[in-house]
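Presented sequentially are two complexes of chain A, the first with chain B as partner and the second with chain C.
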Partner chain A sequence: MSLHALADHPFAAPRSLAEACALLAERAARGERTVLLAGGTDWIVEQHLAPAPAADAPLPLVADVSRLAELRGVAERGDAIRIGAGTTFLELRRDPLVTARLPLLAAAARDVGAIQIQARGTLAGNLATGSPAADGVAALGALDAVLELASVRGTRRVPIAAFYTGYRRNVLLPDELIAAVEVVPPAPGSPFAWRKVGTRQAQAISKVALAAVAELDRSEGPGARLTRLGLGMASVAPTVVFLPEVRALGLGRPLASIDDEALAAATLAGISPIDDVRSTASYRRHVAVALVRRFFESLRAPS
Partner chain B sequence: MRIVLTVNGAVREVDVAPVARLLDVIRETLGLTGTKEGCGEGECGACTVLLDGTPVNSCLVAAAQCAGRSVVTVEGLGSAERLSALQEELVSHGGAQCGICTPGVLVSAAALLSRGGVPTDAEVREALAGNICRCTGYQKIVDGVRAAAVRNAAAARGAS
Partner chain C sequence: MAPVVGQAVPRVDGPAKASGSARYVDDLTRPGMLFGATLRSPVPRGRLLGVDRDPSFDWSGVTVVTAADVPVNVVATIERDQPVLAAGEVRHVAEPIALVACEDRLRLERALAHLTPRIEPLPAVLTIGEALEARTAIHGADNVMKRYAITKGRGRDGLTGCEVVVTGRYETGAQEHVYIEPQGMLAWWEGDDAHVVGSLQCPYYVQKGIKTVFGLADDGVDVTQATTGGGFGGKEEYPTVVALHALLLARKSGRPVKLVYGRKEDVEATTKRHPSVVEITTGCDRDGTFRAFAARVVFDGGAYVTLTPVVLSRGALHATGPYRWDDVSVEALAVATNTPPNGAFRGFGAPQTQWAVERHVDRIARTLDLDPLDLRLRNLLRSGDTTATGQLLAESVGAQRCADEATWASGYRNRRGAGPVVAGRTARGVGVACFWHGAGFTGSGERYLKGRVAVDLLPGGQARIRTASTDIGQGTETVFRQIAADALGVPMASVDFAIPSTRVVPDSGPTVASRTVMVVGSIVEAAARELAERVGREAERSGSTRAEAHERLAGTPALATCEKQYEPPPGLAWDDATYTGDAYPVFGWGCDVAEVEVDLDTFETKVTGFWTAVDVGRAIHPVLCAGQVEGGTLQAIGWALTEKLVTRGGKVLNPRMTDYIVPTSLDAPPFTTLLVEEPYSRGPGGGAKGVGELPMDGGAPAIAAAVEHATSLVLDRLPLLPEDLFEASGAARSGGGPA
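Moving on to the complex of A and B:
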């Protein structure tokens, strides 16, 4: 229990994105750690669970980014929708553009924790913490989101599939922050699935979760083909995974020709589940295969 | 650092460590002990307060993040002498037993009721999904919240 150390942290409240980037750059150049604090729903919990820091270890600077206007808001930008990374899950599920054009993201936002967590938790926090169980990351992965990383050196864009390098590790440099995510919404009315399997509907970290979107060309009748397919699966690997083998199998060939056995093999190729406090590897494999199969069944069903 | 915030409608200036938990500021600095600490990890909802009208877990909010904002705790909903309709209905329906979850339940339910109308059972359950109760089995809480909504709606009709 190291909660007392919380109050000892040095603190800063940059007033703009530029000021936040400058602060990060200065500290990174000196090799000093900075924690960007938004909703606190991961970092403050981690402090609660962490062992007490060594007395001589310098505490990181906590920089509050929760009020930076540049990190908020949802807007159309060309064909895409740009979402400020500091947008909370509660804002997402209530946003008219998100609910109309990105219903998958709205559904996932509604299943994050419960309202108290949704009111504080942000996309940036979900992405940066990088829990293998992150609901928001699974949904953004299915939507092939592009992350906008900002620093004093400018902005670079990283596809979500290239963001994670391992368990809770990513390509963010010490002087960078996640400023926004950009998503090209599927055609209106496109099928999607959000399935979170856990012990309880709210406040439960998933045993397995699947986010999926597809666009379907039905012009050939029974030869209907997928023209877009995105999947994100949580709690089945060290990071959220995007099931490239299933995408490769599903894209471009007639839906009716994709059999369950091949689908199961492709799903299993993309995951590496373990036994842990929430579930077992074998149950996770079973559920992962079933969730992907059911999504494809829903696509084959006549609309 | 010194911050100014509104607590239960009154402007307060308090001296806080910036990354102290709002929960500790409420209970220790402000002496408002109605708000309870359950898990301290954002799981149980016992420490729920309204921050600018929205329920949050006060164990996961840094004090400095509340500067210039409005906080409502269970003490802001009513008093022992003058209970709100919601508090009365929770009591009369048996929706409060050991009492540890009750302040958080009341705050979350008050946020739901502030939107007006009479919520469905499912809406009440979703609004209270972040508040864990180990005594009541929830049904009595749901019944109490809906009864309060009916009373509030009738009062609103009478007033208009």
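Moving on to the complex of A and C:
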């Protein structure tokens, strides 16, 4: 309802990353709030749901970063692929490098909202909002992405597993923005899974979603082992979780020796689902276990 | 002139809607217009002690209306129990208590936040169960709003001596309409005359409500429909409330006022499909021949009576399903709860009872180890049979043909016979449901209503239809033009459709009950035919061409217009006291076959195929008609699989499209839609019957049957969420570990 206050916000459109960082630094030093506006698909909805701000409440400056060239684009950088944080989900699902080398990310991008949301929503917005249901965060988590945080003080690199500190809370400082994410793509043809158990086929927030990648050493035949394993799971805890217990169980050991019970226990150790308006804790536990089990079944299946 | 009836002509309202030039109420403004908003009850029940204005807020330029400002504080529907604004007591969460208006919408929001109702909470009744227990009485001593009994033959006694007796209990939850455009009205006064324009189905219902509150005569009220973004019944009775609120604010402020709901407010405050509990006991022969049917139907009416008695009536009249029974007893009651009044919604009570009877027929099939289709075919109503009310089905009974066509097209027998198809961790199954839907008002409704339509000859070879039947997206404008064009013998482009406004169009009755094409369309046809005859006679008399005769008549006010009133078919007899006789002039019939795929780990159900055959009498516009069938079926699929209104303490917890889950186009199955035409001798265009509601009846039970076939899980309560299947499967009890 209080979209009616939107026009009253002060507004800026920095023309470069440096300008954006300078603006953030200035305002942070004065203790003033700044909202970076990327696609607006999270922030505008939040304003819509919030009560009207009091007439004398100071409104944050809205800084449009959606047009900053430095935040866009996908490029190879050594072993890694660097994705500008302002890249939209539509760009991701259409990008040749992403579809070829990071099919998991392309698959997740295809499942975000629907095409209208994909055309505006960005990775930066998804990461910064940090909803426990964020599809992009789950996929980037499975890929062990590293976030590049930029400010006038320079750039720092934070692994995604160290980025979140709680429900919609993260380590981003008031003068920082997310500039890019870097991902080391799995070996070509590596198995992956993207499974979003949502409320419907599109425009759905997940009840549980699993992103998973693995690299498999099959040289020992039946003793095939995982040499890389990454998982991200959405909507089962206050933040997206990366299931360290499952990773620990799965890595290094012969696949055939990992039984379903141990897998289930490791999955349950990594999640803490609740009953809410979308689903129940017990259903979520059941589905979480089933999705991880299915992923391991697919790994064991001879390819 | 080649006939246009039966042709899929372009939709007349299409270009304006597709291009964005159509004006919905939110697009309209008037000079000096204020925006309005509503202060609502946060509690389900309580004593309303007052409304406090925060003295620290600057109230200048803000208009506040409370019950004290309402001349006659009644929303006039069937009873007079619902106030326009709560006075003395609040009876449901989101009940309107006060109204606010001002020029600026942000200030309006702030003003609303500085207005606080002072309420002393009282114990509330929130479910059908609590209402029946009647430990707290909120309506009479027993909380019962309305009762009906239908008896045929020996009634319940018919169960005695039956070879096989089967009992079951079936439930449905509330359903929200989710019309694309929320409720909204723009109101202003010119002297003592009230004007409203807005989103609505039934202009004359709104007019009646306004007349009652402000003590106005017919010509003192002008109600005009704006382009309306869907209704599904949700804009049958509720727009009266919005119109009254806007008019009250306009009267007190002396300015035009626009009141448009947001989605959240709309979901929290407006009507829903009645939740239901239906208990059925049947008796049949061992070979599956149905003998006796006994049911107790309970609907949750919500806090005020509104249209509940009529909804309940239709529910009761459809409770037996489209089957032959020697003995019938239906006891139907509606109870009051402290929830927003439940109201009209596509199907109007019939989907609830047909959910119950179709699930019950599947239960009988299970008991007898018969194929559910065979059991249905054995008992489907045919021409010459009588219904529970003793109505002789004389014509246009397409039940059997629909069943044949849907099951043949879907390959139901092969799919069913092959058993559930399990591949990996998914299972596919098919299910079938048969259904019927009475077209037009129940019983003597049309006789009392006396719907009227006018058709005018205009200069330049043009004609115009004037009717209060609105186009709310379903295609009335187009279909009526088709009917009139053929009857007049002119091209469709020569026929105009007047904007429904109570100062321009006669009262054709409400746009409800699948009556628009069949009942009102037949008046359009009759009036247009009469004009065509007038033109013919005039041409003959004067020895001129028809075109010249048309111009002459068009210039003669006494001859240019033909206004006609509905003539109920002769011989129809209905007794309201005993609930016997001809409940409807005719019925639409249908059969749905659903195929679903259930994920055995996540219990997600995907509808992978849907075959529907519906007997519509005659499809005036095959594409629009199929559109009604597919849209209605998708609405039924939503009701079946995803649409659950989550409430706590009478408050809706998911009043947003994010969490109240209607299907998207990706959730729509591939449809095979078969329009069966068993013409109705009195239907327009060569025999059309109603189609709007029919497709809401079969989808849910067909899907539940398919889920049962796929998984062996028997679910008798809607919706069938994955969580419900999971609980029913027993996997829940195994502690979330590997299944």
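Everything that follows uses one rule, which is that the second predicted complex is superposed on the first by the 303 of 303 C-alpha atoms of A that agree within 3 Å, B and C clash if a C-alpha of one lies under 4 Å from a C-alpha of the other, contacts with A are read in each partner's own complex, and residues count from 1 in each chain.
In the analysis below, a residue touches a chain if its C-beta (ideal position, glycine included) is under 8 Å from a C-beta of that chain, and two chains touch if they have at least 3 such contacts.
Just so it is clear, the model here is predicted, and its values are computed rather than measured.
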Contacts of A:Gly40 with chain B and chain C, given as first, second, both or neither: first
Contacts of A:Arg30 with chain B and chain C, given as first, second, both or neither: neither
Contacts of A:Asp64 with chain B and chain C, given as first, second, both or neither: first
Contacts of A:Ile117 with chain B and chain C, given as first, second, both or neither: first
Which of chain B and chain C A:Glu261 touches, first, second, both or neither: second
Chain B versus chain C as contact partner of A:Arg77, first or second or both or neither: neither
Partner chain in contact with A:Asp8 - chain B first, chain C second, else both or neither: both
Chain B versus chain C as contact partner of A:Gln201, first or second or both or neither: both
Doubly contacted residues of chain A, that is, touched by chain B and again by chain C: 8, 114, 201-203
Residue ranges of chain B touching chain A (in the complex, touch as defined): 1, 17-21, 24, 40-43, 45, 48, 51, 54-57, 59-62, 64-65, 108, 111, 126-127, 129-132
Complex interface listing, chain A residues touching chain B: 3, 6-9, 11, 13, 37, 39-41, 44-45, 48-49, 62, 64, 66-67, 90, 113-117, 119-120, 201-203
Residues of chain A touching chain C in the complex: 1-2, 4-5, 8, 51-52, 54-55, 114, 197, 199-205, 207, 260-261, 264, 268, 277-280, 282-283, 285-287, 289-291, 293-294
Complex interface listing, chain C residues touching chain A: 104-106, 109-110, 113, 262, 264, 425, 601-604, 606, 642, 646, 653-654, 657-659, 661, 663-667, 722-723, 726, 731-732, 736-739
